[in-house]
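In structure tokens below, several structures.
Below are two complexes that have chain A in common, paired first with chain B and then with chain C.
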Partner chain A sequence: MLNLIRNRFLRIPDKMHIMIIAVVVMPLFIGAAIFFSGHFTNVYKVAFISDHAISFPKSKSIQIDKINERPATSSLAMGKYNAFVEVNKDGEFKVTTLKGESDKKAIQTFFEGGKLPENNKTEQRGIGTNILGFVLMLALMQGVALTTFYPEDRNNSTFKRILTSPVNSRQYLAAQGIFTFICLYVPTFIAIAITKICFGVEIGFGLGNLAVLLVILASLATAFSLFMASIMDRNISLGTSGISIITCILAGCFFNFTGNIKVLDVLCNILPQKAFMILIQAVENGRAFQEFAGQLTYTVTWVFALWLVGSVVTNRRIKKGVY
Partner chain B sequence: MDTIVSVNNLEKSYQSKKAVAGISFSIQKGEILGLLGPNGAGKSTTINILATVLSPDNGEVQILGYDLIREAKSIKKRIGIVPQDIAIFEEITAEQNVRFFVGLYGFKGSKLNELVQEALDLVGLYDKKDDKPKTFSGGMKRRLNIACAIAHRPKLIIMDEPTVGIDPQSRNHILESIKVLRQRGATIIYSTHYMEEVETISDRIMIMNEGRIIAVGKKEELIQNIRNEITYTFEIDSSNQLDERQISQIVGVTNVQLYGKDLTITSKKSKDTLNGIVSTLLDNGCSFEKMTSKEASLETVFLDLTGRRLRD
Partner chain C sequence: MRFLRIAKFDFENILRNPTLLFSNTVMPLILIGLMGFVTQSFFGSGNMSSYDYYGVSMITLSALLIIMTATNAFMEERVKRANIRMIYAPIPKAEIYLSKILSTYILGTLSFSIILMIGQYLFHINYGGGNLPYILLLVNMLVLFGSCFGTMMCCVMGDEEKASSISQLPVLFFSAFGGIFFSVYGLGKTVAAISNLSPVKWILECAFRIIYDNDFALLLPVTFSLFGASIACVIVCQLTFKPEDFTC
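Moving on, here comes the complex of A and B:
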């Protein structure tokens, strides 16, 4: 096993793109996450469309632009506004938003009662959640780059040759998984820790919690990359990047997302990233891991399921003589 | 003499195609078995089964006294496979390559160092141990490919076309290395397309065609079976006018093969067929510049048994 892991480290210097992503892109992404977190002020930006002058109580959580004409709907998608609020003939407020039902109700409540509901979660998403959301997507893509040795070994027949030795495919995949995990975990942890310690950025977690959350994140990315590398023969990186970006957006890795479509909401909730995002958001807000055992178990189940399927597919192909 | 490999009624199919159709053979300790056959003959499938990377559909295989299905791990520890493809890591040094593959067999420390040096010495690459294979010639890569397979001192070595596309110097080096390995006690299965290699190093030759063994024995025994035949080869200048069936119908002719301008005809020695052949060629408007005749050889044995040339 150690021999297989060492082999991968020996081959890394020839894979400059892996080094660049780990040493340059990962810290840049973390920097970008911190930068954008400053702009994600967790404040509802609302376009209040009315010809009449109506005053509302001031709130840190809601920023109201009074305008006469309804802006283009695309401004919701672009993030210029989170919601449009209009007053109908009966004096009722009509809220239009791409955000979820709870956000819609919160805005409605504010306009009707002058304050946001007690249980509103708008302010609960912090910089740490944003950082790990960004890092999760990058890790899912980087994981495949680090797992590139596996399809490369298959193409160069070294995989088949290894299987003629006493090493079996499970041991091979385990070694590849450990290598991918280490290469994802260590640079990411160091980069975030440096950001916290050296630059004094409050990342929302203690180093202990960060270490645990990164174990889950790196395990998920590792299992996903092994799964993709096992089921795909070509364009693995392209396929993985596409799936990673779409699922991370749907799961709310960058911002809380809901299309107000039940099917889409169900789909989003199936994604392991969603459970992970709920978990990190809770941990950042000072909640204990134990309180979110369901999300934790669900994410870990995905890790094992992806790993298992990847392993089964590989074994089946070996028996068929594909490799 | 100890039996190293015992194969009984081995079968393997891919969907509806039978790649190996119930073959049986055995190999004795210290023997070099030359495995010959055209493409699709079932050689690689047989080798992959013996190498434990492919499961057979039917049949029994024992290697070094271990059952292939139940005791695959014990077999893997004791065999070495030289794959047809050059299966090495181009981005690490020759020494790191050998060290990696020997390490898979659990060797460590000074023993590992000793085995790595021995293998690189044997294939003549010790002075290149710190170079990366991407700087090597095709022949040197092939030699490294062998070093990676034999460094753990396997009792059975299976070589699947180890000399494809290399320079004569490297080929000679490899053939000499194989002889040394045999002297050290290894048993070797040597699959190739090069007839002269089999003739040079093999103790016995096994010819496969369409998933079956069609002949097995010592070179002399195989040739003995067709000793009463002679092969004529003509270099004709116009093949498109030639009807091969006319030549086949000449009494005594057993095989006719036309490849471009090369016309190969196998005939019974006892019959005077040459006059008839030459007349037929001239009647068909085929003149020829060169004609050679050859007594039975391994090449003609192969042609006679399979109806094909080895490299078809």
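Moving on, here comes the complex of A and C:
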């Protein structure tokens, strides 16, 4: 088995592009994401359309551009402006926005009273949770690229030859899994740690907590990629990307949302990413891991289940003589 | 005639691949539905809902991702064997890659046009109402560019896996900086200025201007740039495609 692991590493030069993407480009992506998420401002950008000079009190969370003509509606769609404010004949402010009702009211209140209502924003999720949500999706998509040796071995009949040696399929999968895990874990951890230490970006976790959380994250991605590589024959990468994106959106890796559809709620709660997101949010808020043992066990169960199914499918195909 | 026969076979090959078929037909609708549903609360009852926004941005993203279909249609292991036969036959090499471009393009145009129409008339997503033909044209050009770009990457890299994994990166990068997932203006003025370099931003802006402002100023420049870029890709294909690499 050690030989198999070593073999994976020896074959890296053959797949240099994958390694460069995994070890250089992805960490850069993650670093950039962390860096920019720190800059993400929740400022209302308002176009105030008026011929008269009216001055408004300065506020950190609202930025007013005075213009004479109404800008194109598409600038609202593109997010250049969040709202247009016009004054009608009676001196009332009319707010046009694509944002929700509470935001519209907040802007209206600001123009009428010179102050934004307090706590008008819904409670925001921590930076760390957002970052790890994003990293989780990248890892799920990347994992399968790092598992590429396995389908390649099958296609070249190398897999069959390996099985004639004293190695069984479980050991083979374990070796492949260890390789994928290392290649996912190490660059990701280093990327986040460097951005935290060198650039001083606050990510909401200590390095210890981060290390533990990334172990769970990388195991999940590894198990998932082994599972996908086992059950699919072709277009593995495309299929995996699709499933990862859909399930990550559903599990709230990017946006925390509450739906009103029961079936969808149940579906979301089944996803391992959901449990993981609850866990990291709690950890970021300073709670202990132990309090969320349920979520932890649930995620780990998924890891083992995916691994097991992948292994069973491979074994059955070997017995049938597919490989 | 011979060329059409090759293209027809390539087209059928894509149809026989469930993953490719799924990702070009159902997947965009799922993405629009999901993103729209998840971000519903960020949008008000104004004239653009979350579905309208992600209807445009996710279609753009999916149309760009046709690159994956193109690379797959060209150099997947099973197709590769058939390609080798063609290389032995007295066929100009241009016919080999042009047929992949054509088959991918036909599939993309058909499915994305249908998706846009279903979106507008069945799900009431705002694709411009009477201006829908212009949006169709825009997406059509995007699909053409994606098909040519994917095929070009295959010619340059000589390997499907390399081509698709590498071409995903600029797509993701330009999409993120073009405002596909979130508005770049939220990241401050500098980033917003940088985003002007992203072609995806201009495609989105063009679409939104057509839909919400009846403003066609960007339509011609954008479609012609895409068309020009497609031709450039085909030229690179002709220069770099080495059929003899296949045989080993």
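What we mean here is this: the second predicted complex is superposed on the first by the 228 of 323 C-alpha atoms of A that agree within 3 Å, B and C clash if a C-alpha of one lies under 4 Å from a C-alpha of the other, contacts with A are read in each partner's own complex, and residues count from 1 in each chain.
Basically, contacts are C-beta pairs under 8 Å (C-beta built on N, C-alpha and C of every residue); 3 or more make two chains touch, one makes a residue touch a chain.
Computed from a predicted model, the values in this text were never measured in an experiment.
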item	value
Partner contacting more residues of chain A (chain B vs chain C)	C
A:Glu92 touches, of chain B and chain C: first, second, both or neither?	neither
Touching partner for A:Glu202 - first (chain B), second (chain C), both, neither	neither
First, second, both or neither for A:Gly239, with chain B first and chain C second	second
First (chain B), second (chain C), both or neither touched by A:Ile18	second
First, second, both or neither for A:Leu250, with chain B first and chain C second	second
Which of chain B and chain C A:Lys45 touches, first, second, both or neither	second
Chain B versus chain C as contact partner of A:Lys104, first or second or both or neither	second
Intersection of the chain A residues that touch chain B with those that touch chain C	none
Residues of chain A that touch chain C when the two form their complex	17-18, 21, 25, 29, 36, 39-42, 45, 72-74, 76-80, 96-101, 103-104, 145, 148, 155, 234-235, 237-239, 242, 245-246, 249-250, 252, 254-255, 257, 259, 264
Chain A partner contacts - residues on chain B that touch it in the complex	14, 45, 48, 51-55, 73, 76-77, 79, 81, 83, 85-89, 91-92, 96, 100-101, 103-106, 148
List of chain C residues in touch with chain A within their complex	17, 19-20, 22-23, 27, 30-31, 34-35, 37-48, 53, 68, 72, 76-78, 161-162, 164-166, 169, 172, 179, 181-188, 191-192, 204-205, 208-209, 211-213, 215
Chain B partner contacts - residues on chain A that touch it in the complex	3-4, 6-7, 10-11, 13-14, 156-158, 160-167, 318-319, 321, 323
